[in-house]
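Below: one structure, written as structure tokens.
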Amino acid sequence: MYDGTVATLFFYLFAVASIALALGVVLGRRLLRSAVCLIGVLGSSAGLILVLGFEFIAGIQVLVFIGGIVVLLLFAIMMTSEGHTFEQRPNAARRVMGGIVATAFFVVTLSVYWNTDFPLVSKEGLAVSHEDVHAIGRKLLSNERDGYIVPFEVISLLLLAALIGGIVIARKHDPEDT
Amino acid sequence: MTGFLFENAWMIPALPLISILLIGLFATGSNARAAGIIGSVAIGTAFLLTCGLGLSYLSSAAAGASAVTWSIEWLRYQDHLVVSMGTLIDPISLLLLFVVTSVSLLVHVYSIGYMAGDEGYSRYFVFLSLFTFSMLGLVLAPNLLQMYVFWELVGVSSFLLIGFYYTLPEAIAASKKAFIVTRFADLFFLAGILVLGFFVHQLVVDPAWGGVSGTADQSAAATQALDFATINSERVLENLKGQAGIFGLDLLTVAMLLVFIGAAGKSAMFPLHVWLPDAMAGPTPVSALIHAATMVVAGVYLVARLFPGFAASGDALDVVAAVGCFTCLFAALIACTQRDIKRVLAFSTLSQIGYMMLALGVASAEHPAGLGAAMFHLFTHAFFKALLFLGAGSVIHAVHSNDVADLGGLRKKMPLTHATFLIATIAIAGVPPLAGFFSKDEILGAALDGEHRLVFGVGLFVAALTAFYMFRLYILTFLGGHKSDGAAKAHESPPIMTIPLVVLGVMSVCGGWIAVSQFVLPGVELHAHLLVMGLSVAAAVVGIGAAFWLYGGQSNRAQTMAESMGGIYRLVQNKFYIDEVYLLVTKMIFRFIAAPAAWFDRHVVDAAMNLSATVVRWLGARLNVLQTGQVQTYGIWMINGTILVLLFLWLVQR
Amino acid sequence: MFPTPTITHWLTLSALLFSIGLYGIFTRRNAVGVLLSIELTLNSAILNILIFNRFVASDDVDGQVLVLFIIAAAAAEAVVALAIFVSFYRHRHTLDVTQANHIYDQGNRTS
Amino acid sequence: MSWLSLLILIPFATALAVVATPDSKWYVRRWVALFGTGVVLALSLVMSLSYMQAVQQRGGDASVLTISQMEFEQSIPWFKSMGIEYHVGVDGIAMAMIVLTAIIIFTGVLASWEVKDRSREFYAFLLVLVTGVFGVFISVDLFLFFLFYEVAVLPMYLLIGVWGTGRKEYSAMKLTLMLMVGSALVLVGMLALYHAAGSQTFDLNKLAMVDYSRDLQQWVFPCVFVGFGVLGALFPFHTWSPDGHASAPTAVSMLHAGVLMKLGGYGVLRVAVYLMPEGAKQWALFFLVLTTINIVYGAYAAVRQTDLKYFTAYSSVSHCGFVLFGLCSLNLMGFKGAVIQMFSHGIMTGLFFGLIGMVYGRSKTRDLTKMGGLSKRIPWLATSFYIAGLASLGLPGLSGFVAESTVFLGGFFGNRWGDATTMRICTLLATSSIVVTAVYVLRGLSRVFQGPMTKSEFNQMQDATIPEKLCTGILVATLAIVGMYPPVLIDLIEHAILPIANRF
């Protein structure tokens, strides 16, 4: 799918969208509004992934990331503060400090990128994108040397633990509480 | 100089030491009475040993020979600076041995009576034996450091004896004062030892020097820097005189002056005399032994022992003469005005020691007659002054008061004490044929020989003063009416106290006839000075006449004379307020040095240490601000940290 | 008019997204807001991996497998975070992060 | 297993034995401690005799060698890689210090006969402290030296902090912190030397063979000197000593002033002066002036003190000044005087603090002004106090004089590197301290013991009990023996000092 001008166009479109929406998430005063912006960002980044040629991952992204996690966040927002509460702005020192840190990090990462020349794949390799979902599946469960079976088992344990933890913590255990 | 007595001369000082141990073990508590007997027996045998030693010395040894008959290595500082404990036998030390052992024996016997019934009885005799031990050790010392060791021990035992009645505040103050003043003087003595030790050692060590006798014989290796033999040898003295000391004086004079200050302190010469009058707070036999006959003459003995050094340095001798002469006059003036019987005698001792120092001062290498005269006067003075003190003691014992005002009319009440006291008074006044006359005459003669006109004049005047204040004391104490009921009820002291008085009386009478100065200076021809004899007798008569004229009859001529002099009389009576000046100086030293030192330590040095603690705590508090408890700040600092590390790595790598 | 995006463009984009997320984490006052920003940074991380997968190691799928794991972890993390926020809200009736500094013992603040 | 290791094992074993005795029989505990320390005392005396014989047999002219000869040597490799080994050996100086420590701990146990509360831990810590001290004196390996140095310093904190009086926590904290700073400096110096010598060995004698560069010694010497000086009560760092001693219980301040402060002097002699002659030559004059201040300043400060323990603490600051003064004169007599002063002052202060504990036990006050006329009721203690006082003011016939006269002569003789006049002025200033010492000793003692009885309840004071008599008796006897016949001590240390003196 990565073929010349259409891809470039989509890249810039999605790039601008994701940055704008990201700023929305971060600077937004109403929580619900920033949650929605987050959905937007994830959506546009799914598009970017498509531009990169990974349809499966883009699908997962939309399905799990947006569908699962962000929806969960929305529930949380609803349960705790009815979403529309007006969050006061953090004190100036914190915002300045945060800004400095973020830009400093950005500058440093950029300088790293600029100074390293990555071993790029040859020009023509770029065009051909033959995504192979089968290969993902096989690698995910193969137990040879470069297989991911162990992380796979571990991540399932992690998910189970998170599940139980979440229930235990959020359980109402003192009756007098509303 | 060989023979049993010489090799074991160390037994003489050892006997009192043994008596200390015996008393300490057996004569405490119930059978305390034995202490007196043990002490007296020990010092008695020591006295006999000394007589034996003296006789065998006179018969066998060449006149004036001096040798170290016994010594063991005591303290090894460095090669050529090895200090040993030993016994040096020569005329002066024999003379002193005889004086110390005889007077000490008599004082021991006298004390058995005087101190009877006192609850610190055995403690008294322990201290007395300790004193005698250290005095004998001092007399026999062959080197300067052993003399310093026993010098300090004498100081301590005098401190213990003065402070014997330790419940009386003035006795404590007097003992502390005595010890600290003498200690101050000993500081200079020690400085003198350091100077002599160093420069003589420097000389002895360098091979080119060639030993005491100029020839590098085997004795060179054995010469020790601080031995008297080494110090007094001409080659050492020349060398020392050649080197420059400080304040423009040559090294020898500086060393001799330092040592003289130590001697002046112990013999209570002018600036350091303040402790002797207060030392009368101790028991009277103690004053008799220590503050009349033995300890106070230690200074004179030291100067005599280092006489070649003093003679070689010349101006050191002039200082000795000056100090001696001034003290002699100064003390005699004060003695005329004192009311306490023991203080009069104390100042009279000061004056007589001034005489001895004066005699030493006028002597010189060419005609050392002064040295002989000083030793002769020391010999005679020991006896009649001890007699005066013991007589005063028996008077105080009977009347229980020191003040002349409530004595008087004791002639009939205490005949024996009166007789012996009168003999001693005549002796000290310098009336022939008694002892005082001969020795004082020799001193004045020596002064004339050495063309010291002024010193001779002062000496003559003081002779008159001495006669005056002694007879003033005699009249006020023994003649006239009973001035207090105590005096009325007085009765003669028990025989154990009067026998020593009689013995001392005999010695005071015939002491003068012994040719002591001839014994001390064998080679030197001594001629009598008829003119001087006449003048001194005249001075004595004038003094006695004045005393009888002023205090003789019932008239209060003395009273009127005192008022007429007005302020001067009170000034002299208060000892020219020197005590008060010293008190002020010491107070100031303590207030302006000791107090700030203590304050400085507590508030500055200590505070500095505490300051470092508070600084650390303050720093901790400042860092505490960072721990706000909010997760986000931690996040920020974490990222900052990573960025800084990256930057640093990047810089280093470039 | 627009140059075809090289890897540096892509990386700049993902870095920018990450920084915005960081800013959000440090400045949001509400706990869930912080969580949102965290999800944003996670997403930029995923993008980053895929960029490298595409431009550098285009013939193996490790990158994509890793992305799957990241998403799973993000889900787990979100669950636990929200549980904590819920119980925190129940106790403190607020989700303001700056109030949550109870680990800081006011006692020993001496100066 | 050379005899020396016994010197550490026996006290440690006694400590364990003391801990093992059950609380019901607490009085047995002091007998166990006494027995242990008694054995150590006997052992140390026997060893000093056999040391003397060993030196005679070895013979050889000591005045030529520049490396100190150790007897009863034994070394077991410990950390082979770093060249650290359990290397023990003793020479004359160490032998004298071991005898001193044995005497002080034996009399210390006697002096703390009445300690009842938690006596188990008290005796245990005391014995651990002594084990550390013995360890320092027998160790030849610098690492081992430092290890035992720390073992000796640490129990002080607990001993003062728990059993002390007055502001005990403050003093304990201050004392330990300042000593820690001192030992930190020492560690820095040691490691510098170790590194400069090629980091193969910590052995003292092997390190002594290396001649370090001048500018290394320029900064390492003051570092080590001040490090040990803090413990040896060097002038600006002495402030822990008055507070520390004032709050410490009797036996602890006996042990601390008597022995631990000598560790400072011993360390300076053994590590600073012995290993770094060049550094010593450059810095000697500076520290000489500092120690003169130490002596004179300590004496003057003592005059104003009204608390008996502060009075003695300041006097021991002044006397420790003599030790360091002797070391700074860098000649044979200076070193010999310093070592004799270490021994004699150890005994003297031990006696002083022991007696103060006993008087405090009876009069329940340490304030001079509140006490008076005690010598009628407690003659034995009064006489021992006076003997200690006279020893401290340097009366001949007691060991004080022997030490002080040697130090003064050493100072006056001076050396080629220090400017002669300043050294002589400093020596005369130091000599003038004997007058000030006389003043404050006599003032203090006469106010407590002489004069009329101030308080009526002092009347029922009884005189010294048997253990107290034994304790004071031993200490007074030692003072007198060394004072009257100094060759007893001088022959022991003479042979050991020559090698150190020959290095200059």
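Should a chain be cited, it is by its letter among A, B, C and D, assigned in written order, with residues numbered from 1 in that chain.
We take it that a contact is a pair of C-beta atoms (placed from the backbone, for glycine too) under 8 Å apart; a residue touches a chain by one contact, two chains touch by 3 or more.
Predicted, not measured: the structure shown is a model, and the values here were computed from it.
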Chain whose average C-alpha position is farthest from subunit D's own: A
Centrality ranking, top chain (CA atoms only): D
Whole-Å gap separating subunit A and subunit B, where each centre is the average of the chain's CA atoms: 105
Distance from subunit D to subunit A - Cα centre to Cα centre, in angstrom: 73
Distance from the mean Cα position of subunit C to that of subunit A, given in whole angstrom: 8
Chain centre separation (subunit C, subunit D; CA means) in Å: 66
Sites on subunit A at which at least two other chains make contact: 94, 97-98, 101, 105
Touching two or more other chains - residue numbers and ranges from subunit B: 632, 636, 639
Shared interface positions of subunit C, touching two or more other chains: 22, 26-27, 98
Listing of all chain pairs that touch each other, if any do: A-B, A-C, B-C, B-D
Complex interface listing, subunit C residues touching subunit B: 22, 25-27, 34, 97-98, 100-104, 108-111
For the subunit B and subunit C complex, residues of the former touching the latter: 617-618, 621-622, 624, 627-632, 635-636, 639
Complex interface listing, subunit B residues touching subunit D: 73-78, 81, 145, 148-150, 152-153, 156, 159, 163, 166-167, 169, 172, 175-176, 179-180, 183-184, 186-187, 190-191, 194-195, 197-198, 201, 590, 593-595, 597-598, 600-601, 605-606, 608-610, 613
Complex interface listing, subunit A residues touching subunit C: 4, 7-9, 11-12, 15, 18-19, 22-23, 25-26, 31, 34-35, 38, 41-42, 45, 48-49, 52-54, 56-57, 60-61, 64-65, 68-70, 72-73, 75-77, 79-81, 87-90, 94-95, 97-99, 101-103, 105-106, 109-110, 113-114, 118-121, 125-126, 129, 132, 135-136, 139-140, 146, 148, 151, 155, 158-159, 161-163, 165-170, 172, 177-178
Contact set on subunit B toward subunit A in their complex: 632, 636, 639-640, 643, 646-647
